[in-house]
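For reference, the structures are reproduced in the following blocks.
Each of the next two complexes has subunit A plus one more chain, namely subunit B in the first and subunit C in the second.
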Partner chain A sequence: MATEKTPPPLPGGGLAPRGSLAGHLVKAVLLALSAGVAAWAAWPLYETRNWAGLGLVAAVTGVVWWVYLSKRRVPAKYLLPGVLLLIAFQVVPVVYTVAASATNHGDGHRGTKEEAIARIEASSVTRTADGREFTLTIAAEGGSPSGELVFLLTDEDGAVYAGDAEGLTPLPGARTGPTGRVLGADGYTPLTAAQANGRGAEVAELAVPAGDGAGIRAQGLSAAYEGRAARAYDAGCDCITDSATGAVYTADDEHGVFATEDGERLSQGWRVGVGADNYARLAADPGIASAFFSILGWNTVFAAGTTLGVFVLGLAVALALHTPDRLRGGTLYRLLLVLPYAMPAFAMMLLWRDMFNADFGLVNRLLGTDVDWLGGAGTARAVALTVNIWLGFPYMFLICTGALQAIPRELVQAARLDGAGAWQAFRQVTLPLLMVAVAPVLIATFAFNFNNFNAIWLTTKGGPFPSDSPTAGYTDLLITYTYRLAFGGQGAEYGYAAAVSVLIFLIVTLISFTGLRKSASLEEVNR
Partner chain B sequence: MATTARRPARRTLDRLWRHALLLAMTAFAVFPILFVVSAALNPLGTLSSSQLLPAQAGPDNFERLLTGTGYPRWYINSLLLAVCNAAATVLLSALAAYAFSRFRFAGRRAGLYGLLIIQMFPQFLAIVAIYLMFSAVTDLRPEIGFDTHWGLLLVYLGGALSINTWLMKGFFDTVPAELDEAARVDGASHAQLFFRILLPLVAPVLAIVGLLVFISTVNEFIMASVFLRDGDSKTVALGLYAMVADQRDANFGMFAAGTLLLAAPVLAVFWYLQRHIAEGLTSGAVKG
Partner chain C sequence: MRLHTPGVTPSSLPWRVGAPAGAVALLLAAAACGGGGDAETAGQGSLTIWSDPERAEVLEPFAAEFGEANGVEVKVEALPADDLQGDFVTAHGAGSGPDIVVGAHDWIGNLVQNGAIDPVRLPEGAEAGYDPAAIDAVTYQDQVYGVPYAMESLLLLRNTELAPDAPATMEELVETGKALQEDGKAKEALALQVGQTGDPFHLQPLYTSAGGYLFGTDDDGDPDPSDLGVGTDASVEAMERIAGLGEKGEGVLKRSIDADNAPSLFEGGDVPYYVTGPWALAGAEDAGIDYAVSPVPGFEGAGQAAPFLGVQAFFVAAGGENKVLAEEFVVNGVGAPELASALYEADPRPPALIEVSETYQESDPDLAAMREAAEQAVPMPVIPEMSAVWDPFGKAQAAVIGGEDPASAVAAAEKAVSEQIG
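This part shows the complex of A and B:
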C-alpha cells in the first residue's frame, strides 16, 4: 500500500528479479580480480619458499570464493572485505603486542639466540692477514636513502653481495663501476659520500656475519675486510669466550643474555619469554605504582571531561541550528563552527601551546595577564581540556546534526501537541532517540581520548612536573607516561611498553563496557 | 486567542537564545583561527612577532612555502590518500553496517562488541607489530611496502570497520524495514536493495562518515611518520611537523600558511557535503 504513494524521486526503480546482468558481471570481475591479487601476492612467497605465507594466501582466497559463490551466507558477503582488513591490520598487531608483552623484546633483544650469537661474533671481528677484502658501497634498503643500512660488497672476482646484520646474500644483477663500486642495484639505494658520512656511527657498528666466526666490517667508507671473531660461541658449554680477555659469558636462557659469573652482560641479547615479569614490574616498582594511580585519575577526568564537553557543546549548537524554518545566518554559523574541525589538529595543538605561552603568548597579551598557564598543574590541565574540547566539539556537532535529522519531526510535534514543553519533548523524545545513534560514538570518543597521545604530547608534553617526580607530570596520560618510561630512557623496551598497553587496554575496555551496558544502545544490539 | 498573541514573543525568545549561543560558540571556535590567519599573512613570519590581527599583510609566507619547500608535493599526497581512504572506508563500513542492521546471524553481537573493543587498543603502541609486518611485506612486494601510499592505505583500512560501522548501523536501523519488504516483494536481490534503495536513503550518514575519515586521514601523523620516510611520499602533516621541529620560531609564518592551505580542501569538502547532510533523506523516506 505504501509503495503506491511513493513519490517519483524515491530511489530503487527498475529492480530486476534475481539480480541484474550488470550485477552478475561485476561479481565475476571482482572474483577474477581476487584471484589475480592472490597470484600476485603468491609469486614472491613462492620464490622465497615461504610455504606458510602461501598457505595463508590460498586459505584467504578460498574463503573469499566460498563466500561469494554461495547463494547463502549473505551477511558474510557484506562483512568479509572489512573483516579481512580488520584482522590483518588491527587484530594481528594487537595479538602480537599481547604476545610481546610477555617477552623482553626491545633494543638488544630483537632476534633469536642464533642471530645474537652471529652479531656478537661479527662485532668482535678483528682483521687477520688472510681475510678477504672487499670494495664497499654503503647503501640503504629500498628506494630511500633513509632505509636500513646495507653493505654492498664487491670481492676480488667482481661478485657482488649485499650484507646486513643477518648475513651475506649474493646480488647478481648489480651494476658496478671500474673500481668495483656498486652504481646501482635493484631494491637498494647507494648513498652519496655525504649521506654515508652522516650515518657514520651506524656504518662503524654494522658487522656482517660471514659464518664460522668470521665477520665483515667496514674500513672507512669504501673498503671492507673479513676477519676472525675474538668472541666465539661454543655450543658445548653454551657460552661465548673472549679470546682477548679470556672472559667467559654463559648463556642465560631465562633473561636472554650472555653474562659472566660476576654479572657482566654482553649488550647483544636475544628475545625470550619472561612471562608476567613486565606486569610484575609495574606492580612492584614503587615509583611506577604510586604515580600510576594519580595519573589514572587525571586520565579518567581528561577523557570523561573531554567527552562530556564536546557532547554538551556539540549538541547545544546542533539543537540551536535545528529549526523547522531557516535560522538567519544559519549557513554562516555552520561554516564557522566547523572550522576547528577542518583545521589540521596536530598543527592547531602546537599553535594553542604557543598562545598560552607565558612570555609572549597571545592569551596573556589579550587579557593583559601574566599567568604561567602551562607551568601550573591546574591551569595546564585546564588548557589541555580546553584545546581538546575546541578540537572535538565540531565533530560531535556534525554527529548530532546527522542524528537529529534522522529523528522524524512528527514525533516531536506529536509530543508538543500532547502538551509537552520544549524541554520535556527534548528530554523524553529527542534525547533517547538521539542516544541510540550517539551513545557508541560517545563511548568511542571516551576511549579515543583516554589514549589521546597527541593532545597531551603536543600541548603540554605531560608537564608541569612535580619536583619529586620528574617522570610523571600533572597532565600526563597513561599513554604519554608509558611512552616516556618505555621509549624515553635508555632505548626501546617494547616488551614492557606492550605490557602497559595491554593494561591500558583492559582499563579502557572495562570502563567503556560499563558505560555501554548502561546505554540504550545495548537494546539495539539485542534486538 | 491568548496563544496567538503570545506566539511572536515566544518566537523572538526562541531566536534570541539560538543566536546568543551560536555567537558565543562561534567566537570560541574562530579566535585561534584568526591567530593563524594573522600569522600566515604577517610578512615577518616569526612566532614572537605574531598578533591576533596583522599590522601589515602580504603573501610572503605562502610564496616561501610553495616555492622553497616540498609542500605542493606533500599536499597532493595528502589529498590523494585522504580521498581514497574516505571512499574505501565509506564503502566497507556501509557494507558491514548493512549486514549488522538487516541480518540476524551467529556472532552478530560478538562482532558488534568486538569492533568497539578492538579499537580501544592504543594503536600507536601496536606500531612495532605493524612495522615488523611491513618490513616483511617490503621485502616481498615493495609496491605496497614502506614509502608507498598503498601500504599506508591498507593499514588505515584495517580500521575501516570501527565506530563508523556503529554510526551507520544506527542510521540504517532508522530506515523502516517495510521499505526492504516492499522491495523484496518487487523481486529485488539483497545487493539491489543495498545499493539502490538503502544507500541513497542513508546518504547523509555516508557524507558525514566520508568527511570524518577524510579529515582524520589528513591529520594522521604517527602511522604516516613510520611508513613514509621518503621526501617525495611525505604527507603535509609530516612535512609541516618537520618544518617547525627544525626551526620553530623562524618558520612560524610558513607553518601557519601551510596549516591554512591544508584546511582549505577540508572546508571545501564539508561545504560540498553540507547539501547532502542537510537534505535529510531518511526522514523523507519515512513519509513515503
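This part shows the complex of A and C:
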C-alpha cells in the first residue's frame, strides 16, 4: 500500500497545455472571451464609480484565469462554470429576495430619498396666478455656444429680454422672427436644439428670478413661463414646506414618506429597510390566517394529483408502446403523444379554458351538458387538474419510455419463467427498477407544480371565488394567491412579495428535501 | 438593472430551459449595464419615445420630421402595450428609460408616486384647444402631467340588421334582444364582457346608472380615496339592479361572455348589442357587419349611464436625458393637428384636439356618435388607490351576476379594498 502511485490521468487532460493544438486554440479563445466580457462589464462600472462591482468582475475573471491556466486544479476546471452559474442564478436571486423582503420596495417606494425630494419639488412648480408667458430662445453669452446660459425672452407685447440667474435685462436690439422669437442678438450665441439639449441639466436648473419667489422657466426649446415652486425641502428640519397651504411634511425615515402631523402623506416616497415588518404583516393578516391552510391543502392536492396523474398516464402509455413486437405505426403514436408537450403551454391553457366555457365551450356541446365548469369549486378544480395532466403526461411518457428501455427484458422474462404473472412481474421487477430512474423526476415535477403559476392563472385565475371572499379562490395556489396579494393592491409591493416568496421557498424546500431523502432510500434498497 | 422577484413574477419558462436562458440573461444583463456608456453622447441630441406598436408606426414619420427640423435623432420604440407602464417604471428606476412615453391617463397616479414623470405646461392658448374633459383627465394634484391626443369611452355597438334603432333604456335593449333570441335570430341578447372574475370597467355604465360610484370627489374635483363608494347602500342597490340582468334574472349578463368571445359574438352576427369601446369598430367593419354607434343606455327611471373616460396622452419622463427636446416635442409637436389626424386615421378614437375632432366629425358619423357617448363619460380615477378596486370589485360583480347575494359580495369586496388602501 505504501508504493507511490501517480494518479490516473483525469479526463479533460486534453485541455491542459500538453494537449492538442485544437484544444489550445479553444482554450485561448474562451479565455480571451472571458477577458472581453470582463472588459465589457467593467467599463460602465468604472463610469459609475462602482468599485465593489469592479472588484467582483476582476476577482471572478482572476479566478477563471488562475484555474484554467494551470496544469493542475483539474477538478476545479469542471466545477468552476457550474459553481459560477449556480451562484449567479440560484444563490444571488435567493439572497436578493431575502434582502428585498426586509425593505418596503414597491410602487411609491422605488428610489432614494434625494430622488423623491427632487420630484416633489419639480412637481410643485405651478404657473403664477397672472403668470406671464414668453417665447424662448436658449442662448449662450458671448461668441461661443459654451458660454454662460441665457434665456432670450419675448413677452406677449413683443418686448425682448435677456434672462439669467440675476434677472431680466431689456434687450432692444435683438433680431426677431415672425412669431417674435429671437433669432439673434449682439453678444449672444443662440444654441441649436442639440446644443440646448446637451445642456439640459443647466436649462432645467435656470429659473430667471421674476420677483416674489417666482421664476421664469423653460418649457421645451421655444416657450417659457413664470412659475413658482410651492414645495421646498429644508435639510434643517428634514421636512418639506408647502408655501401655498402652509403644510409641513416631515420625513418619516421608518416608512420612507413625508407626512404631516395628521397623517397626510405626499405620494412620492423612497425605499427604506423595514426589518421583519413584511413577515409580521403576513402573520397578522386575518385573511391569510383563514385562507392559508385551505389553500395549502388544495395546493398540495394539485401538485400531488398532477404528479400522480402524469406518472400513471405517462407510464401506462409508455408500457402500451413498449412491446417486444414492432407496433405498426408506433412512431406515429409517439409523435401524436408528444404533441401536447410540443405546443406552447400558455396557448393550450387558454384554449382549454375556452373549451370549458359554460355557454360556448366545446366540452358542454360535445357532451350535451350544461355544466358551469369554471363556476363551481369542484368542477373548476377538476378542470385545472385535467388541463395540467394533459399538458404534463407526454414528458413523463418520454422519461418512462427511456427508463423502460434501460431495463433488460431478460429480467421480466426470467420472472415470468419463475411463474410470476404479468402484473406481478411489473409490480415486483419493472416498477422498482423504474422508480430509481423516475423518482427524482417525480420530485422535480411535484416541486414545479407546487408553484405552477401559469397552470392556474391562465385557466381559472384562482376562481371561482366564494362570494364572501374575493381574495382566496377555490383553485388558488399559494403562488397565485400571494401574487394577487402583493400586486393586486396599490401597485406592486415587491418587499411584501419577496417575504411571501421566501415563505413559499421554505415550504417547497422542505417538501423537496423530504422527497429526495425518500428517493435516496429507494436507491439503497435496490443496491 | 431590472428587479426580479423570483418565485413571484410569473415565468412562462419551464424549469428545464432555465440554464441556457440564464446564460442568455447574463449576456443581456451585461448588455444592459453596458448601455449606460452611451448616455453622455446621447445627451447631444437623440430622443427616445416608447409607445405601443400600433401608435409607434404612426409616430415614426412625425418623429423623423421633428428630428430633422431640430437636427437631432428621434427613435420610436414599440413595446407591448400590456407591459408598457410597468416596463417604463422599472426602466426609470434603472436610469435607462425613454424620454417620452405614450400611455393612458390613469397611469398618472402610479407614475407620479414613482417619480417617473414631470408635469408639462401647455401654453395657456393651447390648453383651450383641447377638449376640457381630456385636460381634466390628465390633471392630477393641480398639475397637467401629459398632453392628451385621444379619448375613448364605452359605447353601444348594435347590429343594425337585427336592431335598427338605438335603445333609449336598458329595459328596451333587453326586450328587443330577448325577442330576437326567441325568434332564433340571435344567440345572445347582449355581449358585455364579464368573465369569471368580473369586469368593473365594462360594467361601470350600468353601475353608475343604477346609482353606484367607486370614489367620491374631493374639493379639487379629484377622486377622494377616503370616500369609497364600494360597500355603500347605493352600491348594494346598484348591484341588485345589475343582478336583475344576471344569470338568475334576465340572463343577458353572463360570466361565460368574456373578453375573448365577446368580439366574435358580435362579429359573427350572433348578438344584436355589444358594449365595447372605439377599439372594436375596426373588427366589426372587417367582419362586414352593418353597425351603428350610440351611448350605452341606462336603466329606466334611473341615472345616466356614465362609463369611464380614458385619455391617451404623451408623458415626459422625469429621468430622461433629453428633457428639453422631450418637452419641446410633447408641447409643440404633439399639439400639431397633423399628428392628431394621423393617429385618428390609424385608429379611430375621438381626438382630444377640438379642431381635429370637428374636422372629421362631418365625414365620419361614427365619430359624432362616439363623441356623444363620451360626453357622459367621467375620467377614470387617476389615484393609485384605484388599482386596489379592480380585482375585488370585479369578483363581487361576477358573483352577483352568477346569482350570489349582492349585499354579502359587495361587503366582502369593500373589506378587501379597504384593507389594501389601508
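Some observations on this one:
The working rule: the second predicted complex is superposed on the first by the 357 of 527 C-alpha atoms of A that agree within 3 Å, B and C clash if a C-alpha of one lies under 4 Å from a C-alpha of the other, contacts with A are read in each partner's own complex, and residues count from 1 in each chain.
Going forward, a residue touches a chain if its C-beta (ideal position, glycine included) is under 8 Å from a C-beta of that chain, and two chains touch if they have at least 3 such contacts.
Being a predicted model, the structure only gives us computed values, none of them experimental.
In the superposed model, A:V203 makes contact with subunit C only, not with subunit B.
Applying the stated contact rule after C-alpha superposition, one finds that A:A162 touches neither subunit B nor subunit C. In the superposition on chain A, A:L366 makes contact with subunit B only, not with subunit C. Once the two complexes are laid over each other on the shared chain, residue contacts for A:V272 go to neither subunit B nor subunit C. Of the two partner chains placed around the shared chain by superposition, neither subunit B nor subunit C is touched by A:L149.
In the superposition on chain A, contact is made by A:S467 with subunit C only, not with subunit B. Using the contact criterion defined above for the overlaid structures, shared-chain residue A:Y225 touches subunit C, although it does not reach subunit B. Set against each other, subunit B and subunit C differ in how many residues of subunit A they touch, and the higher count belongs to B. With both structures placed on the common chain, the touch criterion links A:I216 to neither subunit B nor subunit C. When the shared chain is aligned, subunit B comes close enough to touch A:W390, but subunit C does not.
Counting contacts by the rule stated earlier, residues 40-41, 44-45, 48, 85, 88-89, 93-94, 96-97, 100, 105, 345-346, 350, 354, 360, 444, 451, 453-454, 479, 482, 494, 497-498, 500-501, 504-505 of subunit A appear in both its interface with subunit B and its interface with subunit C. Per the touch definition, subunit A reaches subunit B in the complex via residues 2-3, 5-7, 10-12, 15-20, 23, 40-41, 44-45, 48, 50, 53, 74-79, 81-83, 85-86, 88-94, 96-97, 100, 105, 141-144, 146-147, 187, 313, 316-317, 320-321, 323, 327-329, 331, 333-348, 350-352, 354-355, 360, 362, 366, 390, 393-395, 398-399, 401-403, 405-409, 436-438, 440-441, 443-444, 447, 450-451, 453-454, 479, 482, 494, 497-498, 500-501, 504-505, 508-509, 512-513, 516, 521, 524-526.
Those residues of subunit A whose C-beta lies close enough to touch subunit C in the complex are 37, 40-41, 43-45, 47-48, 85, 88-89, 93-94, 96-97, 100, 105, 107-108, 110-111, 115-116, 118-119, 122-123, 125-127, 133, 138, 192-194, 196-198, 200, 203-204, 218-223, 225, 227, 267-269, 287, 345-346, 350, 354, 357-361, 374-375, 444, 448, 451, 453-454, 457, 460-461, 463-465, 467-471, 479, 482-484, 486-492, 494, 497-498, 500-501, 504-505. Only residues 15, 17-19, 21-22, 25-26, 28-30, 32-33, 35-36, 47-48, 50-52, 92-93, 95-96, 98-99, 103, 105, 108-109, 111-113, 115-126, 128-130, 132-133, 138, 140-142, 145-147, 154-155, 157-163, 165-167, 170-171, 173-174, 178, 182-183, 186-192, 194, 196-197, 200-201, 204-205, 208, 211-212, 215, 218-219, 221-222, 229-231, 236-237, 240-241, 244, 255-256, 258-259, 262-263, 266-267, 270-271, 274, 277-278, 280, 282-286, 288 of subunit B touch subunit A when the two sit together in their complex. Those residues of subunit C whose C-beta lies close enough to touch subunit A in the complex are 3-8, 10-12, 14-15, 18-19, 22-23, 25-26, 30, 33-37, 43-45, 70-72, 86, 89, 93, 109-110, 112-115, 118-121, 123-124, 141-143, 196-197, 254-258, 260-261, 318, 321-325, 327-332, 384-385, 387-388, 391-396, 398-400, 402, 404-405, 408-409, 411-413, 416, 419-421.
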